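Each of the next two complexes has subunit A plus one other chain: subunit B in the first, subunit C in the second.
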Partner chain A sequence: MGRFLLHRLLRALLAAWAIISVIFLLSRAGAQERPPASRLAEGSLSATTASPVQRRQAGQLQQRRLGLTGPLFYVSAAPAPAAGLGWRWHWNGRANQYHQWLRRLVHANLGVSFRDGQPVTLLLGQSLRYTLPLTVGAAVCSIGLVWLVAPHLGRPSWRRRFLLGLFFVVDAVPLFVVALLLLLLLANPDALAWFPAYGLGPEDAAAPWPVRLQALAYHLALPLLTLTLASLPALAVPLDAALRHELRADYVLTARAKGLPDSLVIRHHALRNALLPALTLLTELLPGLVAGSVVVELVYSLPGMGRLLAEAAAAHDYPVLLGGVLLIALVRLLGQLLADWLYTLADPRIRLPV
Partner chain B sequence: MSRPFRSRPRRWWLALGWLLALLFAALLAPVLPLPYAPDTTDLTAIAEAPLTGSHWLGTDPLGRDLLAGLLFGARTALLVSLPAAALATLLGGLIGGIAGFWGNTGLRLPLSYAAAAAGTGLFLLGFHGSPTIVWAGASAVAAGLAGGVALLGRRGYRRTVAVPFDALALALMALLASIPLLVLVLALAALYPPSWPGLLAVLVLTYWPGPARLVRAEILRIRALPYIESGWALGLPAVRILWRHALPNCWHTLSATFPLSVATLIGLETTLSFLGVGLPPETASWGRLLAAARLAPTAWWLVLGPAAAIIGTTVALRQLAVREPAH
Partner chain C sequence: MKRYLLGLGCLLGLSVCSSPTPNHADTVRIRWARDPENLDPLVLPNAQAVETTNLLHCSLLTVDYAQKKFVPWLAETMPTVRRTDSLTLVTYRLRPEAAWDNGQPILASDVAFTLKVMSCPGLPNEAARAQFAFIESIQLDSLDRRRFTLAFRGKSPDLVQASGDYPILAEHQLDPRGQLRHISLAALRADTVQATPRRSASVTAFARGYAQKNLGRHPENLPGSGPYVLKEWRAGRHVLLQRKKQWWGDRVPAAPPQLRAHPKTLDYQIITDDATALLALRRGDIDVYPMMPAKEFVRLRQNQKAGDLAFYTADSYEMLAAGFNMRQPALRDALTRQAFSHLFDIPGLIQASQQGLAYPSVSLVSPTAGPLYNDSLPLLTFDPQKAQALLTQAGWTRNSQGWTRHPAGAAPQRLEPTFSYRAGEPAYEAVALQFRAAAAKIGIQVQPRPMEASLFSQQLRAGRLEIYLQSLSGNPFVYNFAPILHSQSTGWGNFTGFGTATTDQLIEAIAAEEDPARQAQLLRKFQRVLRQDCPLVVLYFLRYRLAAARRLTNLHVTGIRPGYEAAAIKSQPAGAVRP
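Now for the complex of A and B:
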């Protein structure tokens, strides 16, 4: 069991490290071709008043400060000189950007933002204060809701048809459209103004904590609803298929024959068996929620990690982007471990192969 | 597999009708007699409600016509999602087919050829100079390696090495699966200046594992069927068995999931445009229309128009892919 988990964890770690390295190298290669300094200075006052020499010097200084100078990787290849074939290879040793980045990463230093020079870890930490309650709350809510609707799944009824139809539509539509429509319907003075449309309200540090918690819950309600609604189909539709399969089994017939009501038959007998195929979905639930928060936090103007990531992507702020991607990859690893653990918990007969 | 058209439910026909209308709108958008061009601002009509002025469906806070934006947005959505879905399906089908058909040990190359190819590649990569010298050197290295391997041992020229295609393909898929698709696409699209080919490349290179998984599973099933066995017994070449006999049987799986891929890719394109990544800012897109709607929270028409277009299209595409249970 332990060895199996370790093996899987190592493989997943390797894959995550490889994809993040690829994104890092691509981003640094792009930053060398189109330096962030020149992009950021466009339109500022110094861009029009400084001489070309001054601007170039400022650009080089900026490059050096952000650590964008020097070779990218351990080896670098240049095309052979004119009229030749092949590449000239050069071994750069440890004085390359990738090595520096990796070393700092091991020390939990993700660099500084290209935009405002703040440490990325600080930015991520600040934004997690809002994203963590949001995503964990949405995960708990969606699992709870699936548990609530489970007795209506798996057997033909008008409720099941309605639920599956709703899930079909919600699953088909991109999340930001759902968020905008809910915003238009439930936070609109012209329609139903039940929820605040954006932000977290005024931060009142002097207020007692129940009041602050209440304010936070009031402002997070609509984003939470959106994320929950969006993550329900991925859990409920496979569970419905598994339940339909289980309800044909003989033990269900026995349970019915001894007079149990349908909801108890499902909750106590069929659900536990139907959960097994559905548990793997938990692996994707948490990272899916974090990915969903990219859109939801932007729509509802919450200062969370998703919005940080979306703004970093739009502004080509690569260190912040990489930090966010790294965090999401770690969340996925966590989800995978959790699903494996729950697997053995739900069915003790399972001995995972090494 | 193909049922008589009469037995299709009405919903299916509705979905097909919507998609055909969308296709026509996208194709004819540049020649339709629209009163306003898509990316021009009309400063006399800012955030105008539908049916109140000369703009039929109203305008956004910058005075851009909503109808033109919707029609040209349909064009963008199809121009991105259809080629991306087709290319990703093709790439995924090929990789999944090869990985499933040959597995880790099925495809064996003669060791001498492999050594010659590896030697040539290494020589070309590591040596630089004028073309004649390089090619002459590479040929000499290749011939030497091939001959050396063949002479090693009595029957060395028959020795073969397996190419682990399956492991390679699965490793690549695991690599791409370690981050949610939306975040991966967002990160990759942010690396390059916004452009149509760039977005297409990012979408194809991140979306192919889906079709590849399907085809791999399907080929693993088909490979064990008797008619493939008889193909081997007849002495048909492996490439021909794969291409003429195994892959065509994956067609119905791929064609059933193709609308789903298009729907997912339309969702990705509109989300990226909404976030301001991927396509140049002057390109009309449903996602960009919805982003403009955030500037005017009371302008319900700016949300409802593009949202109806996106919901209609993605739900219709899903409806096409629904398999009615056999009666």
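Now for the complex of A and C:
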């Protein structure tokens, strides 16, 4: 088991390195064509005192300060010689952007944001502070609700039909529509203004933690409800299919023959076996917890991870974008690793090849 | 199950009943759509950062929104201007009351220091460096520590205004050891990043010290001369500014409007989604909602329940224009571009996409600019028949395959232009669809191409687009079209490829002209040239829309961004408000 985990861990790290390297090279290759010059915005007739040449120079100087000049990789295509047959490769040595970035990465330095000069690790940490309570809370609520409705799944009844119908409807509605509907229903002065419309409210560091926790719960209630509703079908519908399969098994028949009520048969016997396919969902769930939800964070104005990455992508803030992608990729790979391990725990008959 | 539901209900009930209800009597809460991101006065990446910096730091001059002109701020009066053969000399004197928070007077040496910081290598000042590079030197008055003279080449009145439009930084805060004092402005300008070995140790030490202050995220490390201090900034959530109890502006006798700051607290709430911001306004969570989408603005204004809100509009200098890339073979001749300009149903678009809250113009000058606007030119008409006639005149012939022409010595051309725009903007999409429908009626197949913003910019710079939509922003002070229409800006702001020696000279003459009457003549001529050559079509100028709590007055709603003057806002007592 130990050898297996070590092997998979090494493979996961290699995969993460490959993913992030490709993204680095693709993003930086595009960046070389886009010299930013914030104050000298395009389409502005106000930035008039700078001549076109000065504007160009400003962009080039900014590129240089951000480390976007110089060779991108160890090799680059050299101009074809006049009498040559085609491309020639030019060796750039270690003085290239990729090498510098990789060296910093090995030292756990993800660089600084192009926008505000803050360390990327700090920005990611701050965003996770807002994202994790939301996504973990939503995951716990979803799993709890699935646990509650599980006895009504898998066997024909009007409750199952109703629940499945509801899940399919919720699943068919786009997430932003769910978020806006909840806002209009529960944070609207014309309907029910029970919850705040946005944000996390004023933060009083001096307040005792139960008060702060309550304020957080109050402000996160609608985003939490949105995410919970959105993630319920993804958990409940496969579980229903798995339960239907399990409820036809002999051991369920035996349990019923012993006189156990249906809810106990499902909770104590069938559910455990039906959960096995659900372990695969871990690979989706864990990165989702870290990546946050762009839509929910935008609608409810929460400064979480999804919004950070979306804004970083729009602003070409590559260090932040790469840091976020690296984190999500690592968590996804770790999720796969964890799922493999949990399989062996849930069903000892499963053998994992090294 | 019942126990769970009961517990959940209790928790929600408790939360609702005990929701925090902060006191907002002295606070003005304003909606922002995005975070300022960086509050380093040298960087200022967006309008939110500019707005905040203008409340934390004073410049020599500022804009009087009501009169739409520059007025003195730190400067005692508007500067005196003298000309020599080659130089313009602008002399300022700082107000005697102007002082930093510790009581030290703001002196001419602080202005000299600011110019040096804006030119110092190793700092994130590339944009400021380019923008204020026109100031060649500063001469301090040996007898009056508040008087100084700036020298620059060029005679444009815009340069005089620009010479006083940057936040003045405190030398004693940023450079207590005087590391830059003995280095001339010219030496700093000559130094570059490439010349690092030549850079003196003091410049390097200063740059390091500046970086350590981390002003981008901690502007409180550099107290400014403005009326507010940053009390709290939670990135992506809100920015809280507090009025200084003792601000130098309060000591100025008979203080002009620009030296008055009324709200005790300004709380900028960052609400990314428009629909959420609208709900927040209606709930009373925010007091001011600037740049409200037209549809929501009109709907809310018509809603009788919105009695506690007041609605304002102002003619802005922000316009939507359709550009024609003249480097593309099909769009190279003016007649074809003129033909396309008649396929825009501008009144219909203003009504459909802006709910009537926009106004047409013959060109890049706002119709509100008085004599500068060429009112002898007719507004563009929606006339597909005329478009067909112009196309025929341009050598195009219509057949079963559409419009084609066979220029001598060149490959045959088909008229099937692409129409590109930034995706996610309903107003852009409305224009694209209307244009496509109008073109289809005369047999031209137009391909709308919505694009992700950065891809759109990249393609625009590379000159790969044919017809495109772009927002342009101007102001009432400056008429310099070089950034978007000068041939030197081609590919770098000028995406139409417009520009000949004659038009370049005309653009330069407009920018340099001192005499208003002569400048008006030149501007009217330029508008005629643009109509004739048709590199772009101005579809409409926007009207800024702002909704605010009725208890707020004196917002100075204006067509210049951000569209209001936060420091001027006054709050009426609750009983005095009448719907």
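Basically, the second predicted complex is superposed on the first by the 324 of 354 C-alpha atoms of A that agree within 3 Å, B and C clash if a C-alpha of one lies under 4 Å from a C-alpha of the other, contacts with A are read in each partner's own complex, and residues count from 1 in each chain.
Everything below uses one rule, namely that a contact is a pair of C-beta atoms (placed from the backbone, for glycine too) under 8 Å apart; a residue touches a chain by one contact, two chains touch by 3 or more.
What you are looking at is a predicted structure, and each value in this text was computed from that prediction instead of being measured.
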First, second, both or neither for A:L298, with subunit B first and subunit C second: both
Which superposed partner A:P196 touches (first subunit B, second subunit C, both, neither): second
First (subunit B), second (subunit C), both or neither touched by A:L5: neither
Contacts of A:S51 with subunit B and subunit C, given as first, second, both or neither: second
Partner chain(s) touched by A:R88 [first = subunit B, second = subunit C, both, neither]: first
Which of subunit B and subunit C A:A314 touches, first, second, both or neither: both
First (subunit B), second (subunit C), both or neither touched by A:L337: neither
First (subunit B), second (subunit C), both or neither touched by A:Q62: second
Which superposed partner A:L180 touches (first subunit B, second subunit C, both, neither): both
Overlap of the subunit B and subunit C footprints on subunit A, listed as residue numbers: 30, 34, 180, 183-184, 188-190, 197, 298-299, 314, 316
Complex interface listing, subunit C residues touching subunit A: 1, 4, 11-12, 14-16, 18-20, 22, 34-35, 37-38, 43-46, 124, 126-134, 158-159, 162, 192-193, 211, 214, 216-217, 234-238, 269-273, 275-277, 279-280, 282-283, 285, 305, 364, 453-454, 457-458, 461-462, 470-475, 478-484, 486, 488-489, 492-493, 511
Partner subunit B, residues of subunit A touching it in the complex: 11-12, 15-16, 18-19, 23, 26-27, 30, 34, 80-81, 83-89, 168-169, 171-177, 180-181, 183-184, 188-190, 197, 284, 287-288, 290-292, 294-295, 298-299, 309-310, 312-314, 316, 318, 321-322, 324-325, 328-329, 332
Footprint of subunit A on subunit B - complex, ascending: 124-131, 134-135, 171, 174-184, 186-193, 263, 267-268, 270-271, 274-277, 287, 290, 293-294, 297-298, 300, 303-304, 307, 310-311, 314-315, 317-318
Residues of subunit A defined as touching subunit C within the complex: 30, 33-34, 37-40, 42-59, 61-62, 64-65, 115-118, 126, 144, 148, 180, 183-184, 187-190, 193-203, 214-215, 217-218, 221, 298-303, 307-308, 311, 314-316
